[in-house]
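A, B and C label the chains in the order they appear, each numbered from 1.
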């Protein structure tokens, strides 16, 4: 068995779109299960009242990271064929900062706004229109930022490569960090508790 | 044991599972190499027996003429032989450098050497590293010369064979070779290896026209 | 709903009346459902009219344990790695949509724009016939399935008690615009960069993730009126 299946030509482009739809269903399903269809739940993260966003995100990262690590070590997945997006350090950091601002002002991120729309949140719909407008503005102004956009190109770079550490050691460190983070999150939620509108949990 | 397990909450169990998997990751090995190599000898043997590990010289010639780019052609001879002549589109690699050579597992790889021995050894090395699509150019460069560059036909050939030979002649011309007359061998000095000029493909590359690179979010 | 007055006796009018009645009944059902559901679990949501009299039999179920939901999400991501050799995404699909829109209105302009032209491609394939576009369509469907099963699908606006609906909408739109710009600058959003790149230990993705939290925490205080 050779994975990633698509890269080994086990199915064609048209089937891959069906796969995309099914994977999307799973993605949307678990986002909604976590409560990410509502902006209040998402925004609560940034007022330290409800750290669900942190918990779900890092559990997902750890699960996928550990999963793909073991499947590669066992020889099921060829990790060189799994696409890692290249690093453009400064634009990505600045973009992340801007995105964070948009996140707390609007209350969603692109993926969660889709779930918000399909569960009937009108603010999610307006937010989604905002994203389209933002992308349009970015596209029109691309000439102005193009140089910055391509700056600090580090290529495809992973943390094990950067620190010159074994991959397994980094996996171990990330797991430990996440578990420490989860314990801190549970403690913080008990300590600060849900305040204000978050007291009445939906 | 059972009572201990059932007294744990779901979160505690997940916590412990994460700790165990994290610690095991320390000693599990490098995911990019894939530390465990499993070989299925019978499967490999059957593959060789079926001839599923081979590409014929004429087939490869057709690929090059059609401008296909869904394969990688690796030349395993030494450097001087490579610079003197190599099949168009071939890349030079030796058995020693093969391990580090950047070929991806999902690529179709065609190997050749002078007579095929080195190619078969490289084939085995790549198969051991679980490359699924590895092929050997049957007969190596020798057969490439005999069938593609300098095709020959016996005087007692049937009309069908003569028709095929006409096509072989044009293929040979494409690669800078010439048809042989009866009795000549490929080592005859009169038949010089063609100069290394990358022939222009007759048609534009078909498959693998560069897809837009936006696999990210 | 006004029932049209019968001007002449006959079968036609009867039918029309019957249809009208049916429509009225359906519409009442819909509104009642919406109202009762939202009155159940969003007690402070001012945007929803609460004149409903019938109580709903279906209360919204609580959300899952975040760690279990996270594992589910992680397994979906892992499936994407194993089956496709790529991760999840969302904002890329919106880029394809915007590029398609621009291309439909002003084709030459879209082609000459170096950003949109990348999403439009060479014309051999429709720009919306894209992996991420279909994945995002699935996200809509999956969110609806989960929401419907847990009785959480309802019309409403998510906001705190101290802000008007219009105010919240303004914030939502502004946030969306900023998010759109940030996501394009960072080459991805929370799903494409943070989740996918995070799980593959990409350096840029981890820098991105830290920056997202930094940006959000830095801004949270100034927009607290929206939620608290």
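By definition in this document, a contact is a pair of C-beta atoms (placed from the backbone, for glycine too) under 8 Å apart; a residue touches a chain by one contact, two chains touch by 3 or more.
Since the structure is predicted, the reported quantities are computational estimates derived from the model, not experimental observations.
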Which chain would you call central, comparing Cα centres to the global Cα centre? A
Of the other chains, whose C-alpha centre is the longest way from the centre of chain B? C
By number of contacting C-beta pairs, the most connected chains are A-C
Taking each chain's centre as its mean C-alpha position, how far apart are chain A and chain C in Å? 16
Indicate the whole-number Å distance between the mean C-alpha point of chain A and the mean C-alpha point of chain B. 38
Chain centres from averaged Cα atoms put chain B and chain C apart, in whole Å, by 47
For chain B, residues contacting two or more additional chains: 215-217
Of all residues in chain A, the ones touching two or more other chains: 7, 62, 68, 81, 83, 85, 167, 171, 182
Multi-partner residues of chain C (at least 2 other chains): 67, 71, 86-88, 90-91, 131-132, 183, 187-189, 191-193, 196
Which positions of chain C touch chain B when the two form their complex? 65, 67-68, 71, 86-92, 118-119, 121-122, 124, 131-132, 183, 187-189, 191-193, 196
Under the stated contact criterion, what part of chain C meets chain A in this complex? 41-44, 47, 60, 62-64, 66-67, 69-88, 90-91, 94-95, 97-99, 101-102, 113-116, 129, 131-147, 150, 152-161, 168-169, 171-220, 223-224, 226-228
Can you tell me which positions in chain A touch chain B when the two form their complex? 2, 7-9, 62, 66, 68-70, 72-75, 78-81, 83, 85, 166-169, 171-172, 175-176, 178-179, 182
Could you list, by residue number, the parts of chain B that touch chain A in their complex? 15, 18-19, 21-23, 25-32, 34-38, 104-106, 130, 132, 215-217
Please give the residue numbers of chain B that touch chain C in the complex, ascending. 10-11, 14, 209, 212, 214-217
